[in-house]
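Note that subunit A is present in both complexes that follow, paired respectively with subunit B and with subunit C.
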Partner chain A sequence: MMQLRALLRGVVGLLLAALLWEGAVLALHIRPEYLPRLSTILAAMAATPGAYWDGFLRTLAETLLGFAAGGFVGVLNGVIFLRLPALRDMLFPIFIVSQTIPVIAFGALVVLWFGNTLLAKAVIAFYLTFFPVTVNTLLGLNAVDPRQVALLRSFGAGPGTILRRLQLPAALPQIFVALRLAASLSLVGAIVGEWFGDTIGLGVLLLQAMYNENVVSLWAAILCAAVLGTGFYAVVAYAERRIVFWGAEQ
Partner chain B sequence: MQRRSLLAGFGAALASPALHAQTLTRASLRLKWLPQAQFAGFYLAKAKAKGYYAAEGIDLTINPGGPNLLTENLVATGADTFGLSGGTDSVFAARDKGLPIICVGVAHQVTPFFFVTRADGPIKTLADFRGKNLTAWFTGANYVLLGMLAQAGLRAGDFNLQPQQVSVTPFIEGQTDVVTATKYNEFYTLVSRMGRDKLRTFVAEDYGITFPRDTLIVGEAIAKEKPELVKGFLRASMKGWREALAEPKLGVDTVMGIAPTLNREHQEFMLTEIGKLMLAGKAAREGLFWIDQDAIKSAHDFLLRYEVIKQPINLATAYDRSFLDAIALADRRA
Partner chain C sequence: MSRATQRGLLGAVLLLGSWEALARGLALPAYTLPAISDIILATWQHRSLLASAGWYTLAEALLGYAIGCTAGITLATLLILLPPARRVVMPAMLAINAVPVAAWSPLVLLWLGIGMASKVAMVALAVGFTIFLSALAGFDRQDRRAADLLRSFGAGPIALLFRLRLPAALPLIAAGMRVATVRSLIVAIVTEMLGAQGGLGWIIYQAVVQIDFVQVWSAILVASVLSLSFFGLITWLEQRIIFWR
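Take a look at the complex of A and B:
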């Protein structure tokens, strides 16, 4: 009931924002080069729905692939680094160096290596997501009370059991903080990846509209990206609430 | 291990478009930008209904470009077979750096951009650029502008030249006095928002400077080992372009089939202007993609004078006309 009401409030908020947008453009005579009417933008999307839908799906696929790989590798890294501190000391500096490379420079290399494939975009999304997940997983795992670990061990639990039963669940709130961040970052990665030569995707639509100064198409692509980003974030946040029911931040 | 093979399998499945006929040679063309009428002829030649590349035995993939891609690098590394690269300037730069690419055809025979001012503004001649705010792309257009202004006796410091960003809105809003515009893209925005009669243009060729652009490039090794592939690619591209220019509606339809969110009116404008650029100068007589050695040399000497390229480049090697020469004149003409 509470949730339904919150959802309803969200919808009303969106509708109000839409009305405000439409009304402000009309009332203040804002020129379409700056901000077109929302109805004009929606009409443009309705005129070529296939292009936007294909772009949406394509970018979604890249985002999900990069997110899944980044999340998985990040958690795996965290566990490995917890077990092998020596490896952590060796690899961590390299990870940090990798993260200081501007993604734009990295993108040009990825195209050379993977060509114009969906994989190339997923790799960029992965590149942006695995590091925050690694750091947060390690942080969460390290924060586990050593006395709890000692207790489980005294009951005869092996390292695998301790990891599954205690350390990973205890680190979950931290991991989900990173996953929420990764949800947005993977979308950014996918869109940036599409700027390195592709025909389908929200990033392609953005780029095309930007350089043709086609403001209506630009806004249409922005709206699609916003829907994708918000939707994905909401799904991750929902999963967090369900899985980490005991200690989620929201 | 399992994960890796899974990922690899997924990647391979996505990377390879279904089936390829065994007899065709696989090749790719890297464009300098996203699909738009600027490349209509290539897309038309590839279109299923036409299949001109397939008829030449080529299974061609057209890869679009982007703002951060250097076509020369992609062709030099073999990531792409052919490239429609920046222009004579970027070919010089690549050869200057020792990249193993050569130019086998030039699409735009003359400078495709010009400098635009307000028709009712204070700028009537180049000398009036003194003390004004100018913007140009710092990827070559800036040198053209400096070269033109030098002829009017102006040097750096006499005016305020800034790198131009994506949008021409600052010029429309009156924040700058001079803006650089390609004849087929930015100029469309300017004309549709300000009106043609409100604009004055300064063309490089009027001041003895010329910058042929949109160069077709290929790796040196492929040019040497597979000359038939290069010739076949050129022949098919010419066929596509001939039809796109003769039937602009077909050309625009083909492009908009690939990128439906484009503005049709803009694309029609673009194709008309691209046609003019491709048939200017000697191309009218010698045919599409003609390599005008005099124009190339003029651009080369100009950039050398401005020390954009450090040493003279062997133009005969960098611009190889033998592939064009091998195609009958009737097949080259638009």
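Take a look at the complex of A and C:
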């Protein structure tokens, strides 16, 4: 019931925003090269739904692949660094430096290495996501109460059991904070990756619209990206509420 | 030197060494992986070109960073002083934020042209959001009892803001400003690659088109050094100014 009401409020909010957009453009005489009417944009999308739908799916696939790989490697890194502090001290500064490299410059190389494939875009999305997940996993694992670890060990639990039963569950709230961030970042990686000459994808639609100075289709692509980003973020946040039901927001 | 620093240096030396050995030993072509010594040499040879491009990008990033920080903190402050405005402004801000930053770049380029203005605007947008959200979270963190105490001494909302909320929010704002340093340079370079008259992103784009991958790596090197220096500077300032944390 609560969820239904929240959903209803969301829908009403969206409708109000759409009306406000349409009304503002009409009332303030905003020139269409800055902000076209929402109805014009939606009509453009309805005219060629195939291009937007294909682009949406393609970018979604790249985003999901990069996100999954980045999340997995990030958690794995966190666990490895917890076990081997020497390795952490050696690799962590390198990871930090790697994050200052502008992703788009790196993207040129990735596309060269992996070809102009879905994999190349997923690698770029991965590159943006694995680091925040690594950092937060390590933070969460390190914050576990050592007395609890000692207690489990006194019951004869091995390191694997302690990790599964105590450390990972305790680190989950921290990990999910990073996963929510990673959801947004992986989409950015996928879109930017598509700028190196691809044929399908939301990033391609953005670039084509810019070269053609077609503001309406540019806004249509922006709307698609917003829907994709918000939807993915909402799914991750929902999973967080389900899995971390004991709730440790921040 | 601490143990961690030693290990960090060891890691860096090992990485650079194996990179050099791999590139030299397997005689990898430059488009796969140039040797690190070649990259440094090429950076030195093109130092005047790279330096001027670096300045160009840094100027865009710094200007956008300053505008973004000011706008973000100002907006957060206004929303704290006028709580009713928050219910109107927040949904709009969240809607703008829902679009991935990179997706705004083509539109801003169309609006503001390929000069510096579009890059400054993009950096200001990306930095502004980071700062705005962390400032708002920081302002919301005030201690109720401390606020009641100050109010009982006759402090108005402005005094409350400067005496209590701002000091409490500063650590979070500073954390946002630290994250935003690296982001400002990255956004400037990303936007430059879509169209610009100069800067590191433009150099990278040109080098990719000319298949000059040593040049790409040189520009990446310069960009990383700039990002790290900017990050270091802000961290140093933070430790100086926010001494109570």
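The rule we apply is simple: the second predicted complex is superposed on the first by the 248 of 250 C-alpha atoms of A that agree within 3 Å, B and C clash if a C-alpha of one lies under 4 Å from a C-alpha of the other, contacts with A are read in each partner's own complex, and residues count from 1 in each chain.
Criterion: a residue touches a chain if its C-beta (ideal position, glycine included) is under 8 Å from a C-beta of that chain, and two chains touch if they have at least 3 such contacts.
What you see is a predicted model; the values in this text were computed from it and never measured.
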First (subunit B), second (subunit C), both or neither touched by A:Pro159: neither
Which of subunit B and subunit C A:Trp219 touches, first, second, both or neither: second
First (subunit B), second (subunit C), both or neither touched by A:Gly10: neither
First, second, both or neither for A:Gly115, with subunit B first and subunit C second: first
Which of subunit B and subunit C A:Ala51 touches, first, second, both or neither: first
Contacts of A:Thr199 with subunit B and subunit C, given as first, second, both or neither: first
Partner chain(s) touched by A:Gly229 [first = subunit B, second = subunit C, both, neither]: second
Contacts of A:Pro32 with subunit B and subunit C, given as first, second, both or neither: neither
Which superposed partner A:Gly23 touches (first subunit B, second subunit C, both, neither): neither
Shared subunit A contacts, counted only where both subunit B and subunit C touch the same residue: 33, 104, 108, 112, 195, 207, 209-210, 213
Residue numbers on subunit A that touch subunit C, as the complex places them: 13, 17, 33-34, 86, 89-94, 97, 99-106, 108-109, 112-113, 184, 187-188, 191-192, 195, 202-203, 206-207, 209-210, 213, 215, 218-219, 221-222, 225-226, 229-230
In the complex, subunit C residues that touch subunit A: 3-4, 7-8, 10-12, 14-15, 31-32, 91, 95, 98-104, 106-107, 109-111, 182, 185-186, 189-190, 193-194, 200-201, 204, 208, 213, 216, 219-220, 223-224, 227-228, 231
Residue numbers on subunit A that touch subunit B, as the complex places them: 33, 44, 48, 50-52, 65, 69, 72, 104, 107-108, 111-112, 114-119, 195-199, 204-205, 207-214, 217, 220
Subunit B residues touching subunit A - in the complex, by the definition given at the top: 3, 7, 10-11, 14-15, 30, 33-36, 63-70, 73-74, 77, 79, 166-169, 185-186, 189, 193, 258-263, 266
